[in-house]
């Protein structure tokens, strides 16, 4: 029951995050939304695992968290250094 | 003892050869040797399998020793044995050719990758043909497709890239359609094994799901086999790929897709009944005829010889599909014979293109002026193979035409027979354009001195040419196999 | 989370078609690949949907559970996902090459360049 | 030697000759000796088969199956015997002529010329010997393809155009119609063997048989029934020996030979006679005879005129076959022989005039008879033979054809033959007459240096001209041979 | 998911599209969990959301992020899509309902897996046992596909290809995926994290028999460790840490281990991939076989992932 | 008794976490600019995720599951600030200005094209 409530809450949040990702307006909003979405998915899967009595599925959550992190780092690097292909040669300073 | 495992070895050997080739990066020569050895081994294995199947009927090999519907089964009947021999034979002939040709057309740093990919492609194609499991087929379809993409993209012209890209898109969509179709079949039957599917489909044959599955399988495989109007990836891909690749792919990849179509229709869906139930026959026939004419017509107007041959392939695929659409023993046998025959002659023609490219670095028809004098053996090979494409007797092209016309007449559809004949005449026009340029146009001023292609290219080319003449004069053997296989399939594939 | 009847399949189909549309209609090469991804993932969803049994659980045998969903589609889709990512990698590599060679990744611009040459 | 072995040897000889010709290509004298020897050997081999056939023998050779149930087979019968005999004999004559012509005219690629010539002869005799329709078709197509390089020998744009038309029409008709008909026949009759009395009788409805007959007659494009005759004038771009042997003898005769053969051994005379379609095809043949003659009159180029004359004459033979009586078929068969000698003489002369006087147009040939009397005289003999006047061989075949027409109750066809003869006179005789009786032009460009053509040319055309006369006096062997078709 | 998909169609900014495709993939994975396909969810999470997104980003970095504006004349595409969709919907009409335990797929073939696999192989995760043993041959194919893809990427954009035309001029400073030197927090964190992730990868590899996971997922995680390393410490350092020949050997040897296991079974008298022949006790043999092939998958996948990423990331030099 | 307390506690935690998630998400949607939205996103990452995971941990008891949950928690708590930091920094460095009180900034004009600066 409470897992269901938790699931519901997370789903609502995911919908909102998705809305932000779609609305933008800047790239950073989208990145942030994706990041949050990932986190929420982590929670969701964890909760669902409990919901269906198979908590051993947590591995998936763990991988999500990891991958989400890597993705975010990659996005950051992408924006930091390769904004539009390689045409921008200027150094934007340390991250 | 080891021969018990031939069905799997023929896929496994090139599959294992591929990573070894990758590891032997510093020794391109060794990678060539391994790939060649693997392809020759496959030829030996497939031929011995064919004879065994002829002797003692269908061979079943259980991978992992799991019983058929649960594990994956390799099932070699006459049809696959026939197709396997074609693939392996083409592979074995192209490999020795590849050495010189590839050195010239592929960047030296990628040669080891070329052979890796070649082995994978061979393994993939053989795997498609050998397997008795619908999903396993998909996996190997993708192996062959991936390596095929890469092989094509190794061409030096930048258009090879866009051609490959288009091929990737269409090929993947085709494969995905195939997966959807298989999914629907699985959903209704609970099995993926082809024989098991064949046994279980009749019970649910009237459901709409099965109809949709059939549609998706047809479109998916149609994309792979470049059935008109799904052929748009093919011309550029064949034009800009390295010559050895074009020769190999043109004579095997689409053929294997045709095989899959035959297998799906006649084994899985149980043969002739589906042709009565849906407008399958009409659709296939119209598409096949349209492909035959459209392909040939477009071929006539090409300036690039390889491209011309590629369009001709589209047309020739039409013949095979037409043969299938008759759904009679003769028609199917005709389609299968054409599958074999077209493999021989197209391989020969593309090998000739490779020889020409080797010397003059171009395959534009205009650049081939005067080649009849300067590369007499090469051009003679072109003429003979071209005559075969036209369907002159004593060549393989004649034999296939004979059976297709016969099949059409057997059904009493003489207008279709007339169309078959008419479309084959278009081949006269496009082949002869090249011949006239090569023999009648004088060598242009200031053209570089050109001599005959080296023996390592000529010998494989002429092997294919002579094979296409030999099997044109003595067609009984191919016919017997094809006919027996067709009888087997029409009879329900038991 | 239990949809009635065939609803689940229809969702998958709508998604498939969205992806397919992206492949067909868009001129940007990367977007085509994204579309292809969507298309494939939807097919996977379609497969996985059919494996589910009401009241079943994941096919990892454990005491205390009786009904398990069908493991076979999972197996197939695992393979298919791998194929999918391989396609993506290959296609993206191609796009990089195409961009090098043509300076654009728009289909019509490439076609224009090709017809010139 | 058994006849079977002889047949195979006769076929092997020109192929072996081809190889030798290619190998000796750098030494012209040796090469031409090889050609002559090959031709002679082949003729002797073929000739040695005559007694066997006269005695009613039908030697057969079966090679492996090309398609299951369809072997490549040889079978010798009177019609084929006649054709093979003529073709191989005239090859000797033409070879002699060719040596003079090619050297005199300084042609290029002579090795290639002789080599393909031998291949063409091989296929012509292969056609003659063929034992079933499939083999016939095979040989027929080899003949088409192997003569293409000969037609386009000059490699000029005109040669290319001519070659295009030549191969285009021959392949289109043969694959489009002929093959189609063969497959249909195979389906209906279950066999393609040439059998006395035909194989189709009773197997197909009259309508289908009619369609098939039309497919055969028009499909065998080499028979040049209008409207598929265009290739023959187009082929005149070839060097004259090619025109002479191939387009007066081997190729076109292979065509009409095939038509006769189909008529006799596939349909059977009786069945054919009962078909309404044969009557329509008689009209087609008659129309070709007359139209081609009329066209011939308008041509100023000598070879073109001869080509249209050939078109016209070929339809005599088709007509003979379509009349479908024994006597008309024999007449047709004889016309193969008679026309061969007549027309080859005319072509030899045309070539000789070209070599010696460099003239191709009839209007330039005034007074040519004064400087080239032998040639012009031979031309006269050939013309008269074609027209069908005694004492020349051409008379007999027309005679039998007319008899056959009467036999079939087709008086109209007799009239056609008569009118055609008149037209022949109109377009052939003016040439020698002009040559003998008109004053030469006062064109300074020629006249002075002109003399007879090189001696091999003259020899050859004399031999063939004499042949025309000999055949008038001794037609019995040919007649007896051909009558053997219906002996059983 | 539908929203994400439609958003992807509408948006022209490719970067946003890629982001959305990541979201799409994530939600698909969540859905898989709901639908009891945990192994699939695992894979989708690591591949669809992770690797594919990173690769797409790399490509964007190398090309452009904006889609050109053009008038849409896509009616034909729409028609084709609608036809295909209609056929699909038509096909669904006779399908068994979602979740129906009496559907054919639950009655044929699959029950046997659920019943027998534990006895025959001793592996409780049926997906793993089917994957590695019953349909082990498919998985060999799958491994080969990944191998092929990596080799293809090597062939296409591996080092040694021609110099690019549209890049920075020679000698200009390149800032691509060079190291993140100025950023100590990341570096320290990464140094702590990476060993942990590696251990976790081994756990996933070994634990695949009992829970979700297995060679493929482990391979991806292993590979992503190096991707993380490359992101933070620079591609060049990574190339030093794991050299080209090591990567190639990994790619190749995985396939060879897999095929070799099969061949070993074949030499020991069984059929190809018949692990029961490996040891005297068939169940142990199966277990060993499954372990070995999973190892093979893991090795190839990690090698391939690293190779692909490094090639993409190393493009701009 | 203890079990009941643990249950109740974990309920509260999970519900609370769910509430934080929603709050954070609403915040993400409603806040005016990137930086403030980031602030809201932080709520999801820390409070939402943390509370829910702790709640789950209480449910799981001292098992491997709990260890994994703890790992996830540590991991996210570790990485989330990092990525937020990185995000903010790159946003600033590429020229996105925080929305100031006087509203002088015209954020809306820069949709999706910050990179063109």
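Read from first to last, the chains carry the letters A, B, C, D, E and F; within each, the first residue is number 1.
One rule holds in what follows: contacts are C-beta pairs under 8 Å (C-beta built on N, C-alpha and C of every residue); 3 or more make two chains touch, one makes a residue touch a chain.
It should be emphasised that the depicted structure is a prediction, and the values quoted were computed from it without experimental measurement.
Participant: Note down the smallest number of touching-chain steps it takes to go from chain D to chain E.
Facilitator: 2
Participant: Going by the contact rule set out at the top, which chains touch both chain A and chain F?
Facilitator: E
Participant: Look at all chain centres (mean of CA atoms) and spot the one farthest from the centre of chain F.
Facilitator: With centres defined by C-alpha atoms, farthest from chain F sits D.
Participant: Return the chain pair with more inter-chain C-beta contacts, choosing between E-F and C-E.
Facilitator: Of E-F and C-E, it is C-E that has more C-beta pairs in contact.
Participant: Which chain is most remote from chain E in terms of Cα centres?
Facilitator: So the farthest one, by centre of C-alpha atoms, is D.
Participant: Quick one: chain B and chain F, Cα centre-to-centre, how many Å?
Facilitator: One centre to the other, that is 56 Å.
Participant: What is the distance, in whole Å, between the centres of chain A and chain B, each centre taken as the mean of its C-alpha atoms?
Facilitator: Measuring from centre to centre gives 46 Å for this pair.
Participant: I'd like the Å distance between the centres of chain B and chain D, where a centre is the mean of that chain's Cα atoms.
Facilitator: Centre-to-centre distance between chain B and chain D: 44 Å.
Participant: As a quick test, compute the distance in whole Å between the mean CA positions of chain B and chain E.
Facilitator: Averaging C-alpha atoms per chain gives centres 30 Å apart.
Participant: Which residues belonging to chain C are in contact with no fewer than two other chains?
Facilitator: Residues 16, 20, 50, 57-58, 60, 62, 72-73, 76, 79, 83, 86-87, 90, 94-95, 97, 101 of chain C each touch two or more of the other chains.
Participant: Among the residues of chain E, which are close enough to touch at least two other chains?
Facilitator: Within chain E, the residues that touch at least two other chains are 13, 15-16, 34, 36, 38, 58, 60, 62-65, 88, 92-93, 95-96, 103, 105-106, 109-110, 113, 135, 138, 141-142, 145, 148-149, 152, 156, 161, 166, 186, 211-212.
Participant: Multi-chain contacts only, two chains or more: what residues does chain D have there?
Facilitator: Counting only residues that touch two or more other chains, chain D contributes none.
Participant: List the residues on chain E that touch chain A in their complex, please.
Facilitator: So the residues of chain E touching chain A come out as 3-4, 7, 13, 15-16, 19-20, 22-23, 26-27, 29-30, 33-34, 36, 38, 41-42, 45-46, 49-50, 53-54, 57-58, 60-65, 166-168, 172-178, 180-183, 186, 197, 200, 204, 207, 211-213, 217, 221, 224, 227-228, 231-232, 316.
Participant: State the interface residues of chain A toward chain E in the complex, per the touch definition above.
Facilitator: 14, 18, 21-22, 24, 27, 30-31, 33-34, 37-38, 41, 44-45, 48-49, 52, 54, 56-57, 59-60, 62-64, 66-71, 73-75, 77-78, 81-82, 84-87, 89, 91, 93-95
Participant: Please name which positions on chain F make contact with chain A in the complex.
Facilitator: 10-11, 14-15, 17-19, 21-22, 24-26, 28-29, 34, 37-38, 41, 44-45, 48-49, 52-53, 55-56, 59-60, 64-65, 68-69, 71-72, 75-76, 79-80, 82-84, 86-87, 89-91, 93-94, 96, 107-108, 110-112, 114-116
Participant: Show me the residue ranges of chain D that touch chain B in the complex, using the header's touch definition.
Facilitator: 64-68, 72, 134, 137-138, 141-142, 145, 152, 155, 157, 159-160, 163-164, 167-168, 171-172, 175-176, 179-180, 183-184, 186-187
Participant: In the complex, go through chain E and note every residue touching chain F.
Facilitator: 11-13, 15-16, 65, 185-186, 189, 193
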